[in-house]
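Shared chain: chain A. Partners: chain B in the first complex, chain C in the second.
And then the complex of A and B:
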């Protein structure tokens, strides 16, 4: 009887299992297989085992790109958390109505395509339509100039992209923060600022750490901003993967780079949560 | 302190909304070249979305793909979330974890996987490919929202209706569905919006046959500035705001985002 019901209950899961199996597990396995495939005489590739594509990665050019990507994304994670944390803390103290309005706007902006964010920063940093005009107007600059492409432009746009995500990642922990803790600190004479740094920040540390890791992985996946606002030397691993797959039709090397990207993401998630004890 | 607070909030708001205001202003420019503050005022770049055949086709492609992908995603997620919650099957819970994974990985990895899958099976370039790819990539959203909704169903209600002789199907229809439906809708809406704005998976699965709006925008960006992009950005933002307002209206937005009731 028990076995029978378990079987009938599982039957309902067959379509979902098939979909997840074919369209998540198989592509994943294909990447792994292609990354170690062997080239054939006519320029194609076939199943086999060879590490030549990883060998190609192990040159200073690609290692430097990987280090640059990791460093850039770590910096972005740090900056966006610094910008978003105080706001999120204040947001959770707003009334339910204005909280909802803010959250709707933040969600709407967060869902905006990376293409559109890149486009808007292209405008902001351009010679004719942007921040440079304001600098001229205030008298900080002689005449308007273009601020992109540059590493700063990539950084600014990616931080802008990451801030709404940071708000939403910090929101659960901050809105569940036990108010009696901060009240106790205040009654005992701590200033609001001191309460913030000695109570709020330490209590929400796990969320800060897991939020930082998530932002890191998220910006590691950015494709368009580095292309539109940066020079080729600012391209990240994700851009190189796209470039190899779509424009050079080099699937084995693109797959090898994807495996590297996966390993970097996974080891950062694992390492940081293990080392700092954030929640997974 | 209060002044400091307000100052910080004001700066944050300007930082967040400023770029959007600039795009909005630019989208009403009368001239074809980029100028801020805008010169003149016109709606012509909004009309262009619907008049120019290529932009309109891309918009329709994106809408069809997003609707289909969101529907498919909810259909895949519903049985998994339901069985995991109702019967606690270990297999359903494992499937649940597997369904979350694509969303956590950098999207370019899934995109490359789909590209390899569809080229090696010879189905490259069909619209159904990107629909399935988006449904799987965004599966985490309906999975999470639906299981949040199911958690708020009081299990004693189910027992009560079962003692009164209701069958499993009746319990599902009359007790579980009314409570969980708003959350399933929220999952659908999240999926719809993110699919509409998704770039890399659409590019790698159907980029050269079915042009979605984000892909078309990026292609246009390479040939220089086009004022239509600014008006599309504003339209997209309005669509996003509408959808999330609907979620807030019919479902519990703060709870979905992780606040306690």
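And then the complex of A and C:
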């Protein structure tokens, strides 16, 4: 009986395993193989083993890019959680009807493509566009100026992109939060603000951690926003990968960079879940 | 005025009135039970005392201080929630001393108090455990200890026994009552369990359909319920349709009975209900010296459970239960015609 159920369970897993195998493992293996391939005489590359592309990565320029990318995405994860968490908490205090309306609205935000968002922000941050002129109008600036391209512009647009995701990632945990826990804290003398920090945040910590990691990995893959709103020094590793693959036709090096990116993502996920995510 | 005073309190959620015009006055140090079926407004009333809901109308005060607009965290209360609401991210000790941490007590002070409270709740040595490692009964004790950590003036419990199994429940009722008397703390317990209310309360407030139906000591409510709803909710009661036949008398079928309690003095001919408690009516075989104040009927079932015997008598289509001890056993069988003696002091007239 026990073995029978295990067998049927295994059979049930076959389609998804095959899907993941074909669509994720095969490309991944191809990238790995390409990243260690050796060049041929005519400028192409072939199967082999060489670490020359990783060697090329191990220069300050690329390492600095990798650190910048990781730092930028960590900051984005942090900022979007700081915005999304209080918002989502307040959202869960509303009635079920208005919650649904808000969630649909936020889901609709997700349908906006990165391209659209990047160019919208470019206009908003331009000299002739919105925000700078408003600053002049209220008297905070003397004359209009362009805010993009800049690191701040990249940050703003990526945070904008990440906030709806953060809300959706935090919503399940916050809406399941037992309301009697916060009420108990209130009867024990905690103000609403102290209740928020001593009960709501720690109880939903696993969701906050996994939400942060997801946002980190998600924005690490952004390629359009850094290009459109950033100077070359604000380009992330993903932009460089695109650059190598599409404009320099250097597939082996692009693959090597992709492997590095993958290693960064994997170690962040592993490290964060190991040190913060484990249910204590 | 001292004590806990609830004046003209009404609570509406949209169009629904959860609590309507409640006026209650309790003495300091009393144990009060709000008793009623689910949806009767008892929990809402408790939450208004806690400050978790704000009354739509009326005021709540304690020891002369108006609490109506005081926010929850500034009221001096301790509350035990139905689910216990223990913080899963904190250890048992940290749960108990949460209120002390909020008020800025030192770590050593908190550890001492946690130990003291756990000893008081007969749970020594669990301060470092996680909440998930505790049984239901242990969680309840921790919840009680947490609510009492700062010696609040008012102690509120929302269906505190509902998560426990039956044996534990009875033991905890007695223990909680002893603890409350020891501390002399004004306590309000919400329950739908009449035994719980009878075991613990100084004062029982019977609620139904958003209103207070009756307030009184457990025995007052048991002996003199004001209407058939209260009579049916507290204990088992025998209700027989009757007509007033005099100042202190009713007619049930052909029998005339004297009554001492309830809505006596109504005009003759008024339809009423005659209520008696099973342990106050006596079944006798017909033919023996016919007792006064009795109705006749036929035994329909006998349930002998050792310590007590229940005799069900069919009186003209209405069931009357008599509970006897074995030494009063009248030796009747199913189908026997019997008289059911209802002494005047045991008879209460209720509005039909």
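Everything that follows uses one rule, which is that the second predicted complex is superposed on the first by the 255 of 280 C-alpha atoms of A that agree within 3 Å, B and C clash if a C-alpha of one lies under 4 Å from a C-alpha of the other, contacts with A are read in each partner's own complex, and residues count from 1 in each chain.
Everything that follows uses one rule, which is that a residue touches a chain if its C-beta (ideal position, glycine included) is under 8 Å from a C-beta of that chain, and two chains touch if they have at least 3 such contacts.
All of these numbers come straight from a predicted model, not from anything done at the bench.
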{"item": "Contacts of A:184 with chain B and chain C, given as first, second, both or neither", "value": "second"}
{"item": "Between chain B and chain C, more extensive residue contact with chain A", "value": "B"}
{"item": "Partner chain(s) touched by A:221 [first = chain B, second = chain C, both, neither]", "value": "first"}
{"item": "Chain B versus chain C as contact partner of A:139, first or second or both or neither", "value": "neither"}
{"item": "Which superposed partner A:198 touches (first chain B, second chain C, both, neither)", "value": "second"}
{"item": "Partner chain in contact with A:95 - chain B first, chain C second, else both or neither", "value": "neither"}
{"item": "Partner chain(s) touched by A:245 [first = chain B, second = chain C, both, neither]", "value": "first"}
{"item": "Intersection of chain A interface sets (partners chain B, chain C)", "value": "none"}
{"item": "Chain A-facing residues of chain C, complex", "value": "50-52, 71-75, 77-79, 81-83, 85-89, 98-99, 101-103, 146-147, 149-150, 156"}
{"item": "Footprint of chain B on chain A - complex, ascending", "value": "6, 9-10, 12-13, 15-17, 19-20, 23-28, 30-31, 34, 83, 86-87, 90, 92, 96, 99-100, 103-109, 111-124, 126, 128-130, 133, 160, 163-164, 168, 171-173, 175-176, 192-193, 217-218, 220-221, 223-224, 228, 238, 241-242, 245-246, 251, 254-255, 258, 261-262, 265"}
{"item": "Interfacial residue positions of chain B with respect to chain A in the complex", "value": "1, 5, 8-9, 12, 15-17, 19-20, 22-23, 26, 33-36, 75-77, 79-80, 82-83, 87, 89, 91-92, 95, 98-99, 101-102, 104-117, 120, 132-133, 135-136, 139, 193-194, 196-200, 203-204, 207, 214, 217-218, 221, 225, 229-230, 232-233, 236-237, 240-241, 244-245, 248, 253-254, 257-260"}
{"item": "Partner chain C, residues of chain A touching it in the complex", "value": "178, 180-181, 183-191, 194, 198-199, 202-203, 205, 280"}
